[in-house]
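Okay, so subunit A shows up in both of these, paired with subunit B first and subunit C after.
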Partner chain A sequence: MSLISRRNLLVATLLASAAFSPLAFAQDYDADATIRIGSLYEPQNLDNTAGAGQGINEAFNGNVYEALFQLTDAGTVEPKLSADYKVSEDGLTYTFTLKDGVTFHSGEPLTAADVKYSIERVTAETSKSSRKKSLSTITSIETPDDKTVVITLSARSISLPYNLSYVWIVNDKAADITATEDGTGPYKLEEWRRGSALSLARFDGYWGDKPTNGEVVYQYFTDATALNNALLTNAVDVITSVQSPDSLAQFTGNSAYTVTEGASTTKEILAYNDRVAPFDNVKVRKALARAVDKAKLLNSIWGDYGTLIGSFVPPTDPWYVDLTGVDAYNPDSAKELLTEAGYPDGFEFTIDTPDYDPHPLVAQFLQSEFAKVGVKANINIITANEWYTKVYQEKNFQATLQEHVNHRDIVFYGNPDFYWGYNNPEVVKLIAGAESAGSVDEQTAKLTEANKIIAEDAASNWLYLYPQIVVSASNVTGYPVNGLNSQFFAYGIQKAK
Partner chain B sequence: MTAIDQITTPARRRSWQSVTLWAGIILVSLHVIVGLLTLVWTPYDPSAMAGGRLEAPSWLHWVGTDRLGRDFLTQIMIGSRIALTVGIGAVAIGAAIGVTLGLLAAFASKFLDDALAAALDILIAFPTLLIAMLVVAASETATLGSAILALGIALSAIVARLTRILAKRVLLMDYITAARTSGTSWLGIVFSHVLPNIWPTLSVSFALQFGLAAIAEASLSYLGLGAPPPNASWGRLLQEAQGTVYTAPIGAIAPGIALVSLVIGINLLADGLRDSIDPTRRAR
Partner chain C sequence: MSGPYQWARIVSGPQNRKTRPILAYTLRRLVILLFSLLVAAVVLFILLRLLPGDPANALLGVGATEAQIASARAQVGSDQPLYVQFISFISNLARFDLGTSFVSRASVVEEIGNRLSVTLPLTILGFVAALIIAVPLGIIAAVRSTKWYGAAISVISQLGIAIPVFWVGILLVSLFAINLRLLPSGGFPLKGWANLGEASTAMILPVLTISLVMSASMLRYVRAATLEVLGSDYLRTARALGSSFPEALIRHGLRNGAVPVISILGIELASTFLGAVVIERVFSLPGLGSMLLLAIQQRDYPNVQGVLFISTLLVLLIGFAADLTQRIVDPRLRDRGAGTP
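Now for the complex of A and B:
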């Protein structure tokens, strides 16, 4: 049996069991079970404004800390600690009312002062939060009473609730949270053994629904093979980051494991330096986009997994449209475009390629595809650190491969100073206008428009969307499956008795 | 030792010697022939994605295909050429620098000799791979040339130390004093007396270092510091096959066998060479 049919069978089985499980297995799970999650991303510390890395978000977002809003597994933004909010006519003043009966793990009640303190922690001078810039329109935070927070903005910001979903609400009396915590989530920190594991225990004073397990342990590994082996030897129950389809062969077709493919937001792209020739020429960019058989590339790297998207926007972002038809694979028309652009004999350029999988392999595929239309690509292997200084900071490159992991990151194309230097005034205007939109519909319309324009401009060469694959022991269910780069809600996970 | 032993051992030893020597010659020539062949012919174009993803070995692809559908056999054959190029290049650079430095130290004043000897000892204390990594890191981009240069520099310290000791031993001989007294220049002594005398031992050392260089290049490429893709270095093939070792183990096994066979061949050859050129060993 081929990989795809086995996988489809498994997904179908999973969907079927998910559909029936509330009836059939409602009482069957162990309410005090320990769920062991295998991860490759150990945090550097426990504070997400102090450069802790993505691992802390995976462990703590929604589990230990909660925010005013929550980005759900389905991709919608829902109120969490905010019971209600009002926006002024001009869109510059947000008034939030907090939920009643919320207490921190230390026993202190949640007050408006804690919210103010928490937002200011993220926007502070010393903060290393990746969300700092998106909250820079906040001019003041007032707390007229214990349950009310008033945020004033310098410009309209339709994404404020979304951005606030990344702001942990921390007790303002908690002094240092790099090694300890004081949040409002359904779990409290039990123990962090650096280099090996981080365990969370159910918080009995939690304001909301009780978790369906008693304890969650994140086990950290430094290598994907070790991670897979941990699941095979029953040392963990779930692994969240399968790195290649080939390691999946051990789990597919084995009834002891469940393989689930969720929606990912990680995009593999060949980014050109759009400032420099020949990539300042839209025809050259379109030609190179048409020169690559992306379906074949995706199959080489991910077998039957993953998705082609034709632009930078994954299907889970509200402004997604299928743009795979724009600059579809067509080497003949690629050659014509190159001739029109003044490069009938092609040209030569260098791809700065990060040294980790899958980039070197992708680079070789591109090299061979570009050679077919007369373009010579050289491969320069660099480390992740070199990429950051040479490409991201100094913008000293012709083209580069990179994976972009975030949700809603089309906004990067509205920033002409971003490393790839794409500068289309119309897109800049649309993306700025989307942020100051009066309604979500208007925001979506503007970003959809921007999405179509960048695709027509072939601003970068978007190769494919990674799959998001979670593998678990088959007695474990209820884990999130989508967009797992920044969160992994553990409170719904059930382990059969 | 009994009388019988004395009679039988040399004969048995000699035949065993020739077996290892011949095995070495055959293994190495195989790689040389394959490496030269790739200059004019390979089963497939090395970058052509001629087959499907991770195809098993078949008549079309004897060792199967990689994730991009490229023929593994073609890549491994080209790997032979790259390994030989690196081996020859690195040993040539190592020999040029090392022999010069070693002779210089042997002829130099005591102070300079001590300083050079100490410097060489320090250099040898660093693992070959570490020195090579430093040299590659210092150059702008990793290329086949930078890998060869890096390994050559790393090997030169070993060559220099050996040359120094060998040359010093020769310089104590009476015939050197005789040559000196009869007015031969130092340069003349080097070329007509020192080098011919130390050459047999040096050449065995070069052969061994050739094997060392082949392994070190594979390690560098494995770490992404060797020849950049699409140069099909065995180290890079191993690295690329790492993720698919469960589903397509041949991708990791085949370049491994190629590397091991070359290094073993070189070592057998060096062993055989040593035994055949060393008169004292031959007599024993």
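Now for the complex of A and C:
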């Protein structure tokens, strides 16, 4: 694989799936190789329900822990520890049959009780999991026998399998997993040195296909330049996510390295507080959407990488439609809309801007774009922690910049209490209706409709979709290129002999 | 005994007065140290709480409900009134219990111990290497200040003071790691010092960076102190009493010149320790500095308090040791009590 532009996303995905197949390089790779993965995202603890950060998904999802279902790198939901499942006619009862022969790293066999325990860990009173809400329709979990789990819901939930893909199945005898683990995945935790590295060794008792390498070491860096240097000096084999396009020049056009651009789900957005004037006025929101030359913004931040989006939905979500034309760049029409909205001389507002890249740069760009249509934007730099208190909890803001990383998160627009306060009863109804849909087609149709409405309403100002760039030494193949939900499956990675 | 020694004794005063004042001084100094530590802890507590944000936020993500936020605040105790937090903070501190991290749930003392295994060697090796470079070069720069190389050392050291430490780090990485491929560009082995070879090579560039930058300012002090000694009456007297120039310089000059340099070195060692924070970031080393930066971002109070408390303690101890050493080297200061020289 060589450098792949965003116009060839499909090609990248196809190539990646080819590389993923264990047959592709069957004879040439070292089955016991150590794969050294360089990353900026060190987990803060080892429990994904206790504020461990995105790094824990990168290191552990699919590698150390598995779930009933798996969100694949291509964005589909596939069964993992669930061999089979049935849904009752009313859609309220799910009966899961577990795979045979699955054991935890401690040697204990997987039973239905472990599944019940694991789901309840997420839905528990004290759980910090951001998935808790999406599982709130679960009213009971029963385990009629060791291989069967019956989940009863209070309302239909078409995304239950998808939501369960975030629930690690943990041995119910493992009390605290903030510093140890007991999962069923192809690797077990070997060693973790905080601030430095984490190593995973192949688990010989794994129920599925053996990994195509013997050991994986996640090497953590606090500085992007140091991370790039590590790849340049052969101290790591692959970088999970390049965060600065400037550094790519060192790797592109050099046959010793492979650069891939996959599909990311990380959206850079200017979210308004839709509750307060003037942002409660749809014309104002549309005017500000048209005032920003997003192609120029994306180019100035990411060069040729990244994708323009016309709403909150990235191309990998099933309800994606190209909506970039809805409020396309047009400063003249922005001025007209502002006049119609009663702001012929513009207005002044403040953008609460997180202090880390790329937000301050984006804020400056927006400031100059808005100035051209007579709107004065002040930039207030805040820390991520302050953002969470001021913007997310207290909703005390006019507008803010934020990157939203999750997959399938259009549902936030169906919650009028969410920090941006977008409240369109039609969208609320569509999003709730999509969740209780009887079929995936119905769900997709409803969410597509909701997607179009939020775009027409310019609910927020969706600036661009981040690229997902992975760089590796060219003797290393088989890694995931999309990294949806920050996952980085290591079991298919091969290192040439 | 030669003549100059007799002369030195007259200056130092009677030998039997040596031990008692030092002991009293040490005790007084220790009381001050403990008091400073307490003041530092209180200031720390207040400053941390003045920062906007909440430590509970680090445990939560976008999508958390009101109930989850409340439960996280209860877990970290940020829902308690400030005075309750303060009382528990001080009483834990008195028992030297630094608590467990809000985010990682690891023991703070254990984690600091772990991180010090990187930061302390980095600081000490960097400091010693800087001394090895600075002392001889500083003396040469003073003694041979009229020669071209004496002047050159002076000019180069001035340049060294002007260059920021991270920039030196980046230059060294680019040269030794990326171009020459001789040393690693950063990182620390998973097994730490148990993997002695890799851990040592990981330390070379960071230590070199620190020592190059620190030696530049140290060299200036050594040079200034030596110049003062060279112009002193006692050196001239020693020469008049028959010592050769090197003998006079080593026997009388070094000890006298060392007095001001030691107090400066105490400050320099403390700033080397604090400067390690920057170096750890450039080289992605798992030291105290990187722990502190992350803890501040996350408002992880136990970790921030723990790191700053231990750093303050170390800096105060360094100052204490420097003062004490100075008094041992210079008998004239011994009678002067606890005040700073």
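In this text, the second predicted complex is superposed on the first by the 469 of 497 C-alpha atoms of A that agree within 3 Å, B and C clash if a C-alpha of one lies under 4 Å from a C-alpha of the other, contacts with A are read in each partner's own complex, and residues count from 1 in each chain.
FYI, a contact is a pair of C-beta atoms (placed from the backbone, for glycine too) under 8 Å apart; a residue touches a chain by one contact, two chains touch by 3 or more.
On a predicted model such as this, the values are computed, not experimentally measured, just so you know.
S.K.: After the alignment on subunit A, I want to confirm one thing: do subunit B and subunit C clash, or do they fit together?
M.R.: On the shared subunit A, the partners fit.
S.K.: Who contacts more of subunit A, subunit B or subunit C?
M.R.: The larger set of subunit A residues in touch belongs to C.
S.K.: Given the touch rule stated above, what does A:Asp32 touch, subunit B (first), subunit C (second), both, or neither?
M.R.: In the superposition, A:Asp32 contacts neither subunit B nor subunit C.
S.K.: Using the superposition on chain A described above, determine whether A:Ala371 touches subunit B (first), subunit C (second), both, or neither.
M.R.: Only subunit B is touched by A:Ala371; subunit C is not.
S.K.: Using the superposition on chain A described above, determine whether A:Asn45 touches subunit B (first), subunit C (second), both, or neither.
M.R.: After superposing on A, A:Asn45 lies in contact with subunit C but is clear of subunit B.
S.K.: Identify the partner contact of A:Lys132: answer first if only subunit B is touched, second if only subunit C is, both if each is, neither if none is.
M.R.: second
S.K.: May I ask you to decide whether A:Glu142 touches subunit B, subunit C, both, or neither, giving the answer as first, second, both or neither?
M.R.: Neither partner.
S.K.: Applying the document's definition of touch, where does A:Asp84 land relative to subunit B and subunit C: first, second, both, or neither?
M.R.: neither
S.K.: By the touch definition at the top of the document, which applies to A:Leu232: first (subunit B), second (subunit C), both, or neither?
M.R.: second
S.K.: Based on the superposed arrangement, let me know which partner A:Tyr388 touches: subunit B (first), subunit C (second), both, or neither?
M.R.: Touch partner of A:Tyr388: subunit C, not subunit B.
S.K.: Just the number, please: smallest Cα separation between subunit B and subunit C in the overlaid arrangement, in Å.
M.R.: 7 Å.
S.K.: Counting contacts the way the document defines them, which residues of subunit A are shared by the two interfaces, the one with subunit B and the one with subunit C?
M.R.: 383
S.K.: Tell me, which parts of subunit A touch subunit B in their complex?
M.R.: Listed in rising order, the residues are 224, 243-244, 246-247, 249-250, 296, 299-301, 303, 355, 357, 360-361, 363-365, 367-368, 371, 378-381, 383.
S.K.: Which residues of subunit A touch subunit C once you look at their complex with the stated criterion?
M.R.: 44-45, 50-51, 125-128, 130-133, 178-179, 191, 193-199, 217, 219-223, 225-227, 229-230, 232-233, 235, 382-386, 388-390, 392-393, 402, 404, 406, 412
S.K.: In their complex, what parts of subunit B are in touch with subunit A?
M.R.: Listed in rising order, the residues are 47-49, 53-54, 67-69, 141-142, 224, 228-230, 240, 243-244, 246-248.
S.K.: How about subunit C: which of its residues touch subunit A in the complex?
M.R.: For this pair, the touching residues of subunit C are 52-54, 57-65, 67-69, 71-72, 75, 103-106, 111, 114-115, 170, 173, 177-178, 181, 184-192, 280-287, 290-291, 293-294, 297-299.
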